[in-house]
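Heads up: the structure comes next, in structure tokens.
Chain nomenclature is as follows: A, B, C, D, E and F, assigned in order of appearance, with residue numbering initiated at 1 for each chain independently.
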Amino acid sequence: MRIRVILPVIGDALIDHVRTEVTGWAAAGTEVDVVSLERGTASIESEYDEALAGPGILQRVEEAAADGVDGVFITCFGDPGVHAAREIIDAPVVGGFEPAMLTALSLGETVGIVTVLPNVLPMLRSLGRRYGIEGRIGALRVVDLPVLGLEDREVLLDRLAEQASDAVARGEADVIVLGCTGMLGVAAELRDRLAAAGHAVPVVDPTGAAVTWLESSVRLGVTPSRTTYMPPPAKARSV
Amino acid sequence: MRIRVILPVIGDALIDHVRTEVTGWAAAGTEVDVVSLERGTASIESEYDEALAGPGILQRVEEAAADGVDGVFITCFGDPGVHAAREIIDAPVVGGFEPAMLTALSLGETVGIVTVLPNVLPMLRSLGRRYGIEGRIGALRVVDLPVLGLEDREVLLDRLAEQASDAVARGEADVIVLGCTGMLGVAAELRDRLAAAGHAVPVVDPTGAAVTWLESSVRLGVTPSRTTYMPPPAKARSV
Amino acid sequence: MRIRVILPVIGDALIDHVRTEVTGWAAAGTEVDVVSLERGTASIESEYDEALAGPGILQRVEEAAADGVDGVFITCFGDPGVHAAREIIDAPVVGGFEPAMLTALSLGETVGIVTVLPNVLPMLRSLGRRYGIEGRIGALRVVDLPVLGLEDREVLLDRLAEQASDAVARGEADVIVLGCTGMLGVAAELRDRLAAAGHAVPVVDPTGAAVTWLESSVRLGVTPSRTTYMPPPAKARSV
Amino acid sequence: MRIRVILPVIGDALIDHVRTEVTGWAAAGTEVDVVSLERGTASIESEYDEALAGPGILQRVEEAAADGVDGVFITCFGDPGVHAAREIIDAPVVGGFEPAMLTALSLGETVGIVTVLPNVLPMLRSLGRRYGIEGRIGALRVVDLPVLGLEDREVLLDRLAEQASDAVARGEADVIVLGCTGMLGVAAELRDRLAAAGHAVPVVDPTGAAVTWLESSVRLGVTPSRTTYMPPPAKARSV
Amino acid sequence: MRIRVILPVIGDALIDHVRTEVTGWAAAGTEVDVVSLERGTASIESEYDEALAGPGILQRVEEAAADGVDGVFITCFGDPGVHAAREIIDAPVVGGFEPAMLTALSLGETVGIVTVLPNVLPMLRSLGRRYGIEGRIGALRVVDLPVLGLEDREVLLDRLAEQASDAVARGEADVIVLGCTGMLGVAAELRDRLAAAGHAVPVVDPTGAAVTWLESSVRLGVTPSRTTYMPPPAKARSV
Amino acid sequence: MRIRVILPVIGDALIDHVRTEVTGWAAAGTEVDVVSLERGTASIESEYDEALAGPGILQRVEEAAADGVDGVFITCFGDPGVHAAREIIDAPVVGGFEPAMLTALSLGETVGIVTVLPNVLPMLRSLGRRYGIEGRIGALRVVDLPVLGLEDREVLLDRLAEQASDAVARGEADVIVLGCTGMLGVAAELRDRLAAAGHAVPVVDPTGAAVTWLESSVRLGVTPSRTTYMPPPAKARSV
């Protein structure tokens, strides 16, 4: 099984880290490629950044389709380009939000998200409604660190634990979803810290959720519905 | 008052027609500019087309901001780039869906949409949920003509009337919204045809709804909320 | 264009003020008449007051229909008589809630309302559900002043700013709607005070929203759907 | 226990029939008074009719409060004046919609309504949303007879059976609610006809549901919440 | 009229108390039997307890059907076995949640529940969605006493009053529902204490609501819909 | 990884078939045990059957917990005992509905279910609401074969294809979910038949979805939230 990971930002700085993490979640036989974008922005923290990344993401999806990969993971929590991508490839495609949130629904009543900056909260609220699962979403919190400022693991974990604990204590979360695919390698420790504080709630890592989702989809033999994701009519383009 | 109309496709073929129509809806003192895209596709009929148009649209929005226009109309029913645009300009921005649908809500209980191709129906359903108004949306129908195949006015009107009549007769629409901003100059005649067939229901033209919405917003002194549409954090980009 | 404003209370004390305000929002060519009721109450602050105003409002709507006006604004935030009125006149009719709230939906994710007294909060909650937009409504706050006690502009603005700031700060509002059409002439200053306090959110004046809504509807050629608002069957009446 | 039935129409023609029916549903010890209106219309079949009946209904509610009755039934399916009435009397008040629909929710998954004329369908849809139970409402059908044309019992039953059977057969109703309080004395026979046709579904008579609802409420010691239904502030009135 | 009360726990300790309470709520002519279970648990405070009680409850329902009772009350707030029971008896069946909550909907805008332990809150949230009334539910609170620890009436009342007052004061409840059928005989006093504290809100006792609901259903001639509650197909069983 | 499959019916007839199928979906290293119930019914086709199976299922879950398995699959589409089970085991537990439906949400806009008998449709509708995903569910269809009458593969496939094609053609399904875990080994062929008929939609096998869901959950390190699924308080029991 071959999974193409599209890191929807410019630059190669994060590629190795992402490959290591994705590979860590993947099953033994799964091959993982990671590519970043030729065109886009250095990180995605707004609808604007997402829109700028669109063509760059779809270029990578077209390459993935040509390469015959088995699944595509666009590694950003806001699911940029995911629905467009499903129109042009006969393989499962996910971002971070959808697999993490749907996984979380099976673990507890109310799902809380802790993400990076307040800028993305309205996008997450909109996504919840778009997917029709808004009735199960509770707390939306931030660590108030930019995507490119998550490298201090202790600071990140402290802030995640603080926000998550508070959300659970107030009854606004029974499951915690990490709301940025850049929060790599902290889910298990956050879960343990929460448990130590008396909050025995699961923590869903969106990268892990996406990788296992794709592997499951491939094994289930399911691909995007062609009545929802019809192939785009041919037409002139200049992008 | 100056309104910038962004026709989110490449090519100049439609610019004059759009300018005439927009100007027809605009108030006496409103100045209207129409620009198309440098980069994008020839028409928008899929999530894929929308995503490809993103950077081209935002380039035009940035120009509009620099020019100090009073409002921006991205003339496509799927609202491409609208939310991203609101992050980067202190003036009201609309596409076609939002102003037409919100206008329709004040006219009758159930809103029906007649659009171009089945390809866009899932996007419209998703938009209805994203905006939180899905409980008021009824029939979603198509004339089964591509955006660039709407020029035969009689065929278009016949198919619109057929679909709209059927939706009203089945109780699935009390108001008809034209689901493509390329369906120019047919709303009044469609309304009259429906009335002649015993269906006295209003027909909302999305271009007209967008233009009057912007003018109203300007007069009301309202601009995008900065707690929803925060300015994108500065970062490296290459688009 | 001629707009008939129905002030749904008895007495003439407020007519001049309302005419000035409505005229201030109206476009250059719009003629504005303001009438109050022969029968009703001195202000509307309850379902009871609304019900007592019903026949008096409809009498004014019938006169408006006979006079051939182009639009009717029943100037009360609770939309009293609006749906009944639409059954008997072929022109757009609005109250305060619907145009203000629908306008607000295009400006930010979550809409907060600041109204007069706690008495009307349940009505507003019910209206939100009736219109099917409850998923977008956040804070419902009061200034705790009766409709006829709003004349001290400073007190009103202080309380509006206090409530609105708190709602925005808690993430319960991205847009503020003034929840009483008696809160005249304060929207712009409230917006500026909020901005000065770091809350750059739009403030929607329901009078302005209603006037521009009617003007837009007239220009769009839309009138109440006759499958939703059927003409009442003829029958004996004694009112 | 004393129940005041307010027949929200002018004229005494129906009073005896209503008293007989209400008494038939009432418990042994319940005293029933029926009053019609001094001011209003001959029947209620539109939002307009409802609005005209408002002050006449509230006058009767004030009398009922002065008389110290134990409960008030405003006998119309559209619940006219019900919420206003709850603001001014410390006793349970119901119309027809609310008790019938809430009763129906305990009997089956999807509730279908068969009412008189298409004119009232949008009101019923709005009421469903207002009460927050729209997710459980299925078919909305009409017998296409005016309220004052229901006297031919056979015609009424034939049309009710036809509409209800069709709704059940299509999976759009598991419970049938009679959507007009003027459909007196037909629920049991309709249920038997449906059962004979293979549709073993309950039929809820709104008059019966209202009477037993009031009796239950009195026995439960519950009256309108004063945080929802606050007493109207005192003010000048002329009605 | 004969009502069978099924106390869905093992042991006879509570039978007399329940019989007294139910009889206190029942109408003069209503006969009340109370039976507990042969198999189950000592109290129900989890999904697990509910599931263990299933066969024991249904055995009692089958006996009730054989005895030809007129209605069945499974006296537990979580409605255990209620939907299964409706499949096998032609008489109305209720638990505590459904009649109490539906009754509460007619009394105020937002319904708050005060129950025993945090363990059952997710079940109540799920039930609210299952019944499609979640939009009207506000505060969910606990007294933090187990079902078998409610015997100290003063402690119970103090904690109920504390939680209910706080919920009303925060605008999260306009009606209070007692969220455990073991909270017997305290509704009226709680209502009075709340009123004394300035919160004039009704308090719904689930036992009273259930008993009157059944009596009303019997008088209305309604029984479970056979398109929702189809008789279970015959098959081998060993329970 | 060890997965315990609980076949929630009495008798061993189906065990081998289920083991073969589950093993077919499982990853290379996953060990699969299948157990049926000591107490319950021969198949589950009603709320009644589900309730009778409760204690038998939980007995098997307790054994699974004692055995330290990594995940539990209760192989029935109605998710019987799933929520109770999560209270008593620190490992992921699923039935058929939840993993299949959540998987389907990532594949297309509207999910259609084809199940066995009309008896279970109301349960499925209720489950959709309970899980808060009802806005994404479209067609609910039946093959009209009992669970124990699915052995004729051709008849089953013919009826599945007929119902699924019709649902897709009417726009009521973009993804098909097999609504009974007894429909083993037909998903791929149904998908191919639908594709051959011009309906390129994915088909989700609930057994496959459950198995991969559990494997993913184990790899993600997530277990039931203890704020949603609190351990049942200790108490006397006799089951």
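Just so we're on the same page, a residue touches a chain if its C-beta (ideal position, glycine included) is under 8 Å from a C-beta of that chain, and two chains touch if they have at least 3 such contacts.
Chain identities (UniProt): A, B, C, D, E, F = Aspartate/glutamate racemase family protein.
The shown structure was predicted, so the numbers you read here are calculated from the model rather than taken from an experiment.
Grouping of the remaining chains in the absence of chain D, by touch, is one piece. The chains that touch chain C as well as chain F are A, B, D, E. Chain centres here are means of the Cα atoms, and by that rule the chain farthest away from chain A is D. The pair with more inter-chain C-beta contacts, choosing from B-D and A-F, is A-F. Comparing mean CA positions across the assembly, the chain most remote from chain F is C. Because chain B and chain C carry the same sequence, their contact can be compared by residue number, and over half of the numbers here are used by both. On residue numbers, the E-F interface is repeated by A-B, which shares over half of its contact pairs, out of the options A-B, B-D or B-C. Measuring from the averaged C-alpha position of chain C to that of chain E gives a distance of 43 Å. Centre-to-centre spacing of chain D and chain E amounts to 26 Å, using the average Cα coordinate of each chain.
Chain B and chain E have Cα centroids lying 51 Å from one another.
Residue positions 108-110, 122, 126, 129, 131-132, 135, 171, 174, 227-229 of chain D are each in touch with at least two other chains.
Applying the touch definition to all chain combinations yields A-B, A-C, A-E, A-F, B-C, B-D, B-F, C-D, C-E, D-E, D-F, E-F. Residues of chain B touching chain C in their complex: 25, 27-28, 92, 94, 98-99, 102-103, 105-110, 131-133, 135-136, 168, 171, 174-175, 187-188, 191, 199-205, 208-209, 212-213, 215-217, 219-229. By the touch rule above, chain B contacts chain A in their complex via residues 10-11, 38-43, 45-58, 81, 83-84, 86-88, 117-119, 122-123, 126, 129-132, 146, 148, 227-233, 235-239. By the touch criterion stated above, chain A contacts chain C in their complex at residues 121-122, 125-126, 129, 134.
Listed in rising order, the residues of chain C touching chain A in the complex are 108-110, 135, 171, 174.
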